[in-house]
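What follows is a pair of complexes built around chain A, which joins chain B in one and chain C in the other.
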Partner chain A sequence: MTIGRIVLKSLRQHTLSTCVTAFSIALAGGLLMSVWAVKQQSQATFTGVNAGFDAVLGARGSKLQLVLNAIFHLEASPGNLSWSDFLDIQRNPNVELAVPLAVGDNYRGYRLVGTVPEMFEKTEYAPGQKFALQPGGAWFDPTRREAVVGDFVARKMRLHVGDTFHPFHGLIFDEKNQHSETYVVVGVLKPSNTPADRVIWIPLVGIQRMSGHDPKAATDVSAVLVKLKAHSAIAGFQMDMMYNKQGNRLTFAWPIGSVMAELFDKIGWFDRVLALVSYLVASVATASILAGIYNSMNERRREIAILRALGARRFTIFSAILLEAASISALGMAAGFAVYGVIVTVVAGLMRAQTGVVIDPFKFNAVMLWSPTVLIALGALAGIIPAVKAYRTDVAENLTPHS
Partner chain B sequence: MTLRTRPMPLLEISKLKKSFTADGANHCVVNVRTFRLAEQAQVALEGESGSGKTTFLHLIAGILRPDSGRIAIAGREMSALEEPARDHLRATTIGYIFQTFNLLQGYTCLENVLLGMSFGPGADRPFAVKLLERVGLGDRLKHYPRQLSTGQQQRVAVARAMANKPRLVLADEPTGNLDHKNARESLKLIREACRENGAALLLVSHDREVLAQFDNVEPFDRINHNSAEEPPV
Partner chain C sequence: MKPTRVLSIALAAGLFAGCSKPENAAAPAKEAVHKHEHHPPHGGAPVELGEEEYHVEIVRDASAGKLQAFVLDGELENFVRIAAPALEITATVSGHEEKLVFLSIPNNATGEKVGDTSLFEAQADWLKTTPAFDAVLKEITVRTKTYTNIAFSFPKGSDEGGKK
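Now for the complex of A and B:
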């Protein structure tokens, strides 16, 4: 009978405290891994999403707001820019492609984005990947009231090719603000796992000339997505200087990834708070291992004395207690992966629903190695004090039952 | 000329002393000048409760370390060994039967017997089963101590004491918790098991019925001079 067998027996004899302690370790480990993995994956994903463009041009304001509005279809537009501004940047020799966007309407909370056919014809939203339609669909005719619906919206709103809908004014759904225009769904996008899945695409003029919109702004656009020619770093720098430093009317958000990285810098404190919470949970869980085993030492003194009388060495008993503490941690960490799976799946679902950005909940992350290692080591460390107590058990004194 | 030598005893004790401090005073509990036990012998020590019999057995088993004196078991000086070596010698040479059985409650009968082997020669499942069959518990292998009668628990303890094929079995009031019938049967079993396994038996008891079963009964206060003055050399 090995130390392992003794440990197994002890865990079984103290099933309730073992389960409770292992559960707290599971929560700590699951939380810790989730915070780490979601943080790293979301940072990598958000800073990597650029819809195939290098920059966004918009009204003077926050670069972050501009990127969130034009790329992630979140936040309100910081303002409009004139059609001539669009033409200026389109003609810029450094620009390979400029795509205008117009926003300001929704369909039951899902944003309508007006654009031009080049958005789908010339754009690769990821290297080598262009937007594609599900079978039976077609791209909208820019002169007609037609819509191409993102995959997520189509599923949520049960929209199919041939369905019609009335847009609502504004970015927030208000039943009273329905527009009179009727749009026909002519196509549904194949899933792209980008924010494009969460919007309804209609012709640019559709937004510009929607009933109730200011006729003076009928040629304005909300933003322009810009793809630069080769050597875009120099071109981007030059345009950054031109629009942001020398000009004062417009904002040129470039490069998109860096703008998003600033967002993560700003909300970095939140990650740190979450990490701190998981460290605290880990500390409490470790302390509960210590308390659980230590408190059981009184009732186990006789058992230890019997083992010693049968020839078990002090070190064997010491090792058994350490192994028991580490085993509780290991059991907890095994369950911690289940907790992680649940948390990350829920977070990934929410993230997809809110932003259209998809993260892979089960993608390998180094935290999946170091977090169990650290927590098991902490568990073993917590076992040292009760193990020392077990080590010092007086055999002769504890062989006889105490009344 | 033929040289006649006495065979080396299995257990040889000389000038053994053990004291405990209580209430600031030193109390000598064991003071045995000399004691010998031959291989395969069966000796009973008779003594009242509190006379130091259990301490004496603990000293022999290496559970306690003497203040002074010598204990040799099978040619090895238990009293001179460091604790890990004493543990090993106990695990390989000595079987211990307690008055309160001291079975581990979370372990089955079979596991308790296997535990008696694991710190010594190593677990030998067929032998453990054989031992339990020998003590009449072949059909209780997977029973836990709480599922057994006291007599049956004592039989598990006997099987466990034999598990490491000991050369010396120490039995501390082994029938103290049993009724007359079970006590008689249990004692018979212990003696037979020792005989069958070639082990010597040193039993301590104050029960006259138990002592009556032994040819060789030694009053403990005759060998233990804990309250007497040290005799002049």
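Now for the complex of A and C:
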């Protein structure tokens, strides 16, 4: 009888404890891989998404709130800037492009963002990638009540070119706050896998002059997206110093990636806690492998003695027990990939729905190699003590009949 | 028992090594005090006011023949706005004196106005061709303190970096 058959036979004999232990290994492995992969991908994606701009200028307040509002279309705007503030930065010799944004309305929970045509004509949301329309669409006329809908919104709200809708006031949908204006959809964006897919784009004046909005603020904007001229890292630093340290009116969030990276630093403890939980689950699962196999040694003494009498060496018995422990871990890790797939698919869907940011649930990550390796090694390690017990089994004593 | 003994010795060694760390940790802290430095944010010449209570950073724009003077705090980190509408500096250039009047610069982007600004500017043609000179800042009042006849040299400044 080969070691493999001995192991297989033992696993079958203890099916219930094998399945339960493997399941806890699956949970530990799946959770560990999910935490690691989601954290790395989401951090890389969030710090990499900048809509093609280097900085955001906004009212005095938190840089993070400014970036979340202007780039990720989350959060409320910290306040308004005057049109002259926009013109000032647009004229700055270090600025290549300045695009104003205005927010304050929604369509059934999906944000309306007012902007200018340059947002689509002159912007690359990723290197070499410009916003594009799905066939049959056109960009909005800045003088008309027209809208270009992000791909995600179009699918969720079933909006097509030619459809009309009424915006609602505020960032949170309330049926009672419907505006009287009617907008017509003239285009739907191709998926860009950026937060731009989750909003409806309308002309800047549309938001500024919407009925019910303060006419005194008719030329104000919520934020200005700023693209600096190439090789102008010093310019960014100088502008950062001017607005944020020398000034007290406005906030210049630069560079955008660093602002998001600081957020992840601040909440880094959370994924460490999740990782700790998965380490604990792995420890408990490993301990249950140890306990399960160790306890079964009493029942298997005679079986081991028989194997030894038939010619099996002590080392063979030792190896069989180790292999059995490692096999339970391996089975658990195989199921762990399924657990990982479920968790990451759900998380990716939630992230896309809430932020527009897309992560690839099945992108290769080094954790998919070291996590199974470590857990299988831990399983084998857990098998050492029962294996030593099996190794020391006395043949003569355990072959002696007891009746 | 042997494994237990080995473990005990290892633990003791670890504790002993840990206990010796505070002495080493003190040394870097002492070094940090000696290396306290100020870095002018615009790369200009730092001019110390009093015992590093405040600074004025002088920045030259050779192509425009302009000098900028920024009023900053003791650490050269935060801008300090003052009420003065102008500052006067007398520079010694090739043996003769040149007077420079720095006017306060309002800035819509920063919210600064004349009488509430940290930036002053002066212009003169000789600044285009003179990279170094000695000068005296006649008088400056920052918050409640007045400093007079502050001598400095450009581009070195007058702040030794806080080195003791």
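Just so we're on the same page, the second predicted complex is superposed on the first by the 398 of 403 C-alpha atoms of A that agree within 3 Å, B and C clash if a C-alpha of one lies under 4 Å from a C-alpha of the other, contacts with A are read in each partner's own complex, and residues count from 1 in each chain.
Methods note: a residue touches a chain if its C-beta (ideal position, glycine included) is under 8 Å from a C-beta of that chain, and two chains touch if they have at least 3 such contacts.
Keep in mind that this is a model prediction, so the values were computed, not measured.
Superimposing the complexes on chain A yields a three-chain arrangement in which chain B and chain C fit side by side. Once chain A of one complex is fitted onto chain A of the other, the partner contacts of A:Ser211 are absent, as it touches neither chain B nor chain C.
Seen from the CA centre of chain A, the centres of chain B and chain C span an angle of about 120°, rounded to a multiple of 10.
Shared-chain residue A:Asp88: touches chain C; no touch with chain B. Judged by the touch definition given at the top, the superposed model places A:Met242 against chain C, while chain B stays out of reach. Looking at the superposed arrangement, the partner reaching more residues of chain A, out of chain B and chain C, is B.
Look at A:Leu250: by the touch rule set out above, it reaches chain C but stays clear of chain B. In the superposition on chain A, A:Arg12 makes contact with chain B only, while chain C stays out of contact range.
Within the superposed three-chain model, A:Ala309 lies in touch with chain B and out of touch with chain C [touch as defined at top].
Of all Cα pairs linking chain B with chain C in the superposition, the shortest spans 26 Å.
For the contact definition in use here, the chain B contact set and the chain C contact set of chain A share no residue. Residues of chain B touching chain A in their complex: 54-55, 58, 61, 63-64, 83-84, 87-88, 90-92, 96, 98, 100, 102, 104, 106-107, 111, 114-120, 123, 160, 164. Looking at the complex, you find that chain A touches chain C at residues 84-85, 88-89, 238, 241-243, 245-250.
Within the complex formed with chain A, the residues of chain C that make contact are 41-42, 70, 77-79, 107-112, 118-119.
Remark: chain A residues 1-2, 5, 9-10, 12-13, 302-303, 306-316, 395-396, 399-401 touch chain B in the complex.
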